[in-house]
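Both complexes shown next keep subunit A, but they swap its partner, so subunit B is in the first and subunit C is in the second.
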Partner chain A sequence: MNRRISRLVLGIPAVLLLIAFVVVPYIEMLTMSLRMPGSGMPYGVGFTLGNFGHALGDPLYRGALARSLMLGAVVAALCLLLSYPVALHLARVSDRWHLVFYVCVVSPLLVGVLVRNFGWMIILAVDGPLNRLLLTVGLIDTPLRMLFNQGVVILALVHVFVPFMVLPITNALRNIDGALVEASASLGASDTRTFWRITFPLSFPGVQAALVLVFVLASSAYVTPALLGGQAVALLPSLIVDQLIGALAWPFGAALAIVLAAAMSLVVLAFTALSRPLAERTST
Partner chain B sequence: MRPLVILSGVGLASIYGFLLAPLVVVVLSSLTAGELMRFPPQGVSLRWFSRFYESAGFIDALLLSLRVAAVSTVVVTLVGGMAALCHRTLSRRLGGWFRLLLLLPLLIPELLTAIGLLFFLSRIGLGKSLIGLQLGHIVITLPFAFISIAAALQQVDPALEDASDSLGASGWQTFRHILLPLIKAGALMGALFAFVTSFDMFTLSFLLKPVGGDTLPLALFNYLTYDFDPTAAAAATISILLAFAGVWVIDRTVGLRRVM
Partner chain C sequence: MTEVAIEGLSKTYAQAPVLRDVSLRAASGELVTLLGPSGCGKTTTLRCLAGFVAPDAGEIRVDGASVLHLGPAKRDFGVVFQNYALFPHLSVFENVGYGLRVRGIGTAEIRRRVADALAVVSLQGLEERLPRALSGGQQQRVALARALVIRPRLLLLDEPLANLDARLRQEVRALIRGVQQEEGITAFYVTHDQAEAMAMSDRVAVMRQGRVLQFAPPREIYARPMSSYVAQFTGEANLLPVEVLGAIAPGRYRFAAAAGQGEASGPDGIVPGTRRLLMARPEALSPAGIGLPGLSVTVRAMTFLGAAQQCDAATSDGIALRLFLPPNLDLDPGADLVLDLDPEHAWLMPDEAP
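Here is the complex of A and B:
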């Protein structure tokens, strides 16, 4: 009993820290979004709902929101396409090689997003290795301009988030009882049928969680689009940062941030509801 | 069947290649002897590392990043480890809420946490201050330490603690001689992830940085936007080497196989 009480006390610093510097700041963001805009300072006196009217009414911000959500969805889908084969491989590879391939997947996680984006800047530069390879092979006559557009933002974000998806899916796959797969095969099901009827459904909870995670992280990504997106693509996170840092319009920036958070939550809720049949089939 | 196996092998190899290519390219580009950011590098030299070393901006940023990351790591490993011990004794229901609170900074995008902190810190007079930046790094990295240590504790049989208790060991002795050796690997891995996450953090630092106080990622971002030369590759390589030095230390002390 004595140990129990002293253990409970150990949790206090973490709880205080998170309430003071995470929960309270979120509440601060909510109240900030309702404040009057200030002139010459970040916010004014009094409260208004006008920031939300502006955020939802202006086509510039609505378009940016739609593009950000779309970007998140595309990146999540592409990540799944690349991650699933790797997860299957990691779950099946012999113990001797497991560590090597595991390190290949985890090592990008240990390197900052900025550094990984920078790698793509070198590879895709006009006089970079990819262009020179394509020129030598004769596929193109003049170097392609591959940087600073939406495509390269998608590529770089997929690269950033593939490890986030491989790990939970590998875990889900490793927890599948091998006897089920063997039973399916011995009852005469083809490999493809076994995969779609047994392996994929049983791994779906991992897939679902990973898709949600990557969608949220990619929709709210700031630095990759800022570095690689060029001027053309306006995404909501960079417009929010512009309001907060550049224009010093804190209430409006806060309202935009809340709109982004609410929209992402709606998409996640809709996705979870739509994919529930698949997820429930596996839990029974 | 045979062509299919080869095809899937090639497919897998290209995905692994895709994951590693940008890292390899950055490291090799930093070793160039040429004037330009080029790949493959022209000749081999360490001149861009000495250029990095001579650049006051980069060195200040590196030192600031190291300091912030070191403080974050120490604080979150202690606080997160204590929280993991607490989590172990909570009931299932309460434990679930506790866990949710501790993982909050991981579940909510960094951008949103940073925006909330920007408003809140300026209200309590810590806006654009080093303490504010440090607090931001601590809350973002806390979940990493907590998850790793909680996962390691989950593997420990509670009977071991009960046995230690009934043999008359104090709470500290039980922790020091029974739990700590068993969770050391998890704690080290959590500390490494916390360090690397803090060291590489961009968005939160960008919003909360003190005036004139750029961390290494901020300095690198500016450099990449304005002057694109191999000094940037040297800066990036240094951060890659740091992460791998951390992995190497863990491999030496507890063995990598134990922390996977």
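Here is the complex of A and C:
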């Protein structure tokens, strides 16, 4: 009984923080999304469902939503491909090297978001170092236009989200008993077979958590697409910011934000439901 | 039918030798136990056999052919691990059938062979359970079935009973030995429990600090240890410094100690006059008949154990002796006692007495 109470007490700060900075703002935003648009001011008098009708009915916003979700999925998938081998390595290295590799993996997060993105802009600029290198080597004749397209947005997002993928997967891999891999080998399984039948399924709880994390972060990313994506790609987060700050249409902006959050939640729910049989078997 | 020969196996980890010139043999159908304290090299020897560890030097031959160049997947050995090492995300059926699926065997035959293997370990009806829904004893049975179902050339068991409680340990021990003998599989068994080693093995290798001290059948290890370490590791052992007076028959000698004279067994060729350590198990000592000669001791302590009493006594020169007495015998500490020594169970060890 005492332990239960002390556990509740320990939870109070986190709960208060969530109420103050997640629940209350969401209620406020939901209320805002139902307000009438105003003229000459952020919102008008009275309530309406019209903002949601607009957000879901306009092909511009539907397309931007689809692109944002797709961007999240692609970035998550690429991160997984790049991160899994790193995580395998990190899970195996001795404790002395573990710290060194750990710092290397986390390094993208040690640079602020603006510095990181301006860094990409400098490196990839038409007269930037990468183009100059390629010209000098002779691989290209004219400088490439590498900035302001979807590809570079994906590249930059993958770069920064790899740590979010590597760390949970490494953790999951470190929790796998080495005797299981030996048992599989002693039963005649090749290394490849052992990986797909034993190691990968048992690391799935980490993979699942990492995929959700990166998908949500990438789908809702604002700064990187805004700086590196240019005008070519309309993604929902930047359209939301346009509404809130540019057009000063708070109710409509709030409705778009709610739509984005709901859509991401649906994707995450669907993914968790589909992968539940495996996750239930492999979580310890 | 598989014969195994291990010759001169050595392994060093970070300048610390864990195996030094280990040589062992197992005849077909034999269960060989590697017995010793933790860090003696018994598990490393088993891991070399399984192919998880490559020895620095030495040779492992199975039916005359070296297996050192083969990875664990190519050796066809069944391995049973201390912590069971069942695949937690696979059902009992999938665990046991794993080695068969890997070998590309058809579904119908897998089903039949898994059913047979589960019948051998009395686990029918649990096919669809996940390992975590099983008790420790059931998990180790699944692990045994999984190792046996591939019809391995060799069965390797790494302290398979260590995580089970005492009652289950007896049960699974009998099961392992029964299946091993019935199927005639050659097996290597690692344990630190001397009773387990005595009960299960055809031959026992007592190991210490990476070396095999003695490799012999359990009865010989117990009755004719080659060193005081082996004597003490394989059971209660009284060690008494004596002077050998002379041979009275082949392998039988008369000796003198401070506590008195007696007869004991020993290897051939002990020169009269040499000082040796006499090893006497507690069951070799009993009170002598009234007026008969023997070893004079003083009782130090009596401990009632139920079926017997443990009697701790000492000779006049301070050598402690332990023996077991019938539970109804009334003796108090301080009482003088003359002990009869059964020469058959008293052994003059090669160690020179101090």
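By definition in this document, the second predicted complex is superposed on the first by the 259 of 284 C-alpha atoms of A that agree within 3 Å, B and C clash if a C-alpha of one lies under 4 Å from a C-alpha of the other, contacts with A are read in each partner's own complex, and residues count from 1 in each chain.
Note that contacts are C-beta pairs under 8 Å (C-beta built on N, C-alpha and C of every residue); 3 or more make two chains touch, one makes a residue touch a chain.
None of these values were measured; they are calculated from a predicted model.
Participant: Of the partners subunit B and subunit C, which touch A:107 in the superposed model: first, second, both, neither?
Facilitator: So A:107 only meets subunit B here.
Participant: Pick one for A:120: touches subunit B only (first), subunit C only (second), both, or neither.
Facilitator: A:120 contacts subunit B only, not subunit C.
Participant: With both structures superposed, pick whichever of subunit B and subunit C touches the larger number of subunit A residues.
Facilitator: Of subunit B and subunit C, the partner in contact with more residues of subunit A is B.
Participant: Contacts for A:190 in the overlay, against subunit B (first) and subunit C (second): which applies, first, second, both or neither?
Facilitator: After superposing on A, A:190 lies in contact with subunit C but is clear of subunit B.
Participant: For A:24, decide between first (touching subunit B), second (touching subunit C), both and neither.
Facilitator: first
Participant: Figure out whether A:250 sits in contact with subunit B (first) or subunit C (second), or with both, or with neither.
Facilitator: In the superposed model, A:250 contacts subunit B only, not subunit C.
Participant: Does subunit B (first) or subunit C (second) touch A:85, or do both, or does neither?
Facilitator: first
Participant: Could you pull out which residues of subunit A sit against subunit B in one structure and against subunit C in the other?
Facilitator: none
Participant: Mind listing the subunit A positions that touch subunit C in their complex?
Facilitator: Within the complex, subunit A contacts subunit C at residues 177, 179-180, 182-190, 193, 197-198, 201-202, 278, 281-282, 284.
Participant: Using the touch rule from the top, collect the residues of subunit A that touch subunit B in their complex.
Facilitator: Result: residues 2-4, 6-11, 13-15, 17-19, 21-26, 28-29, 32, 42, 82, 85-86, 89, 99, 101-105, 107-108, 110-123, 125, 127-129, 159, 162-163, 216-217, 220, 222-223, 226-227, 237, 240-241, 244-245, 250, 253-254, 257, 260-261 of subunit A touch subunit B.
Participant: Residue numbers of subunit C touching subunit A in their complex, please.
Facilitator: On the subunit C side, the touching residues are 50-52, 71-79, 81, 83, 85-89, 98-99, 102-103, 130, 132, 146-147, 150, 156.
Participant: If we count contacts the way the header does, which residues on subunit B are in touch with subunit A in the complex?
Facilitator: Counting only subunit B, the residues touching subunit A are 8, 11-12, 15-16, 18-26, 29, 37-40, 79-80, 82-83, 85-90, 98, 101-102, 104-105, 108-113, 115-123, 135-136, 138-139, 142, 146, 161, 165, 171, 174, 192, 196, 199-200, 202-203, 206-207, 217, 220-221, 224-225, 228, 232-233, 236, 239-240, 243-244, 246-247, 256-257, 260.
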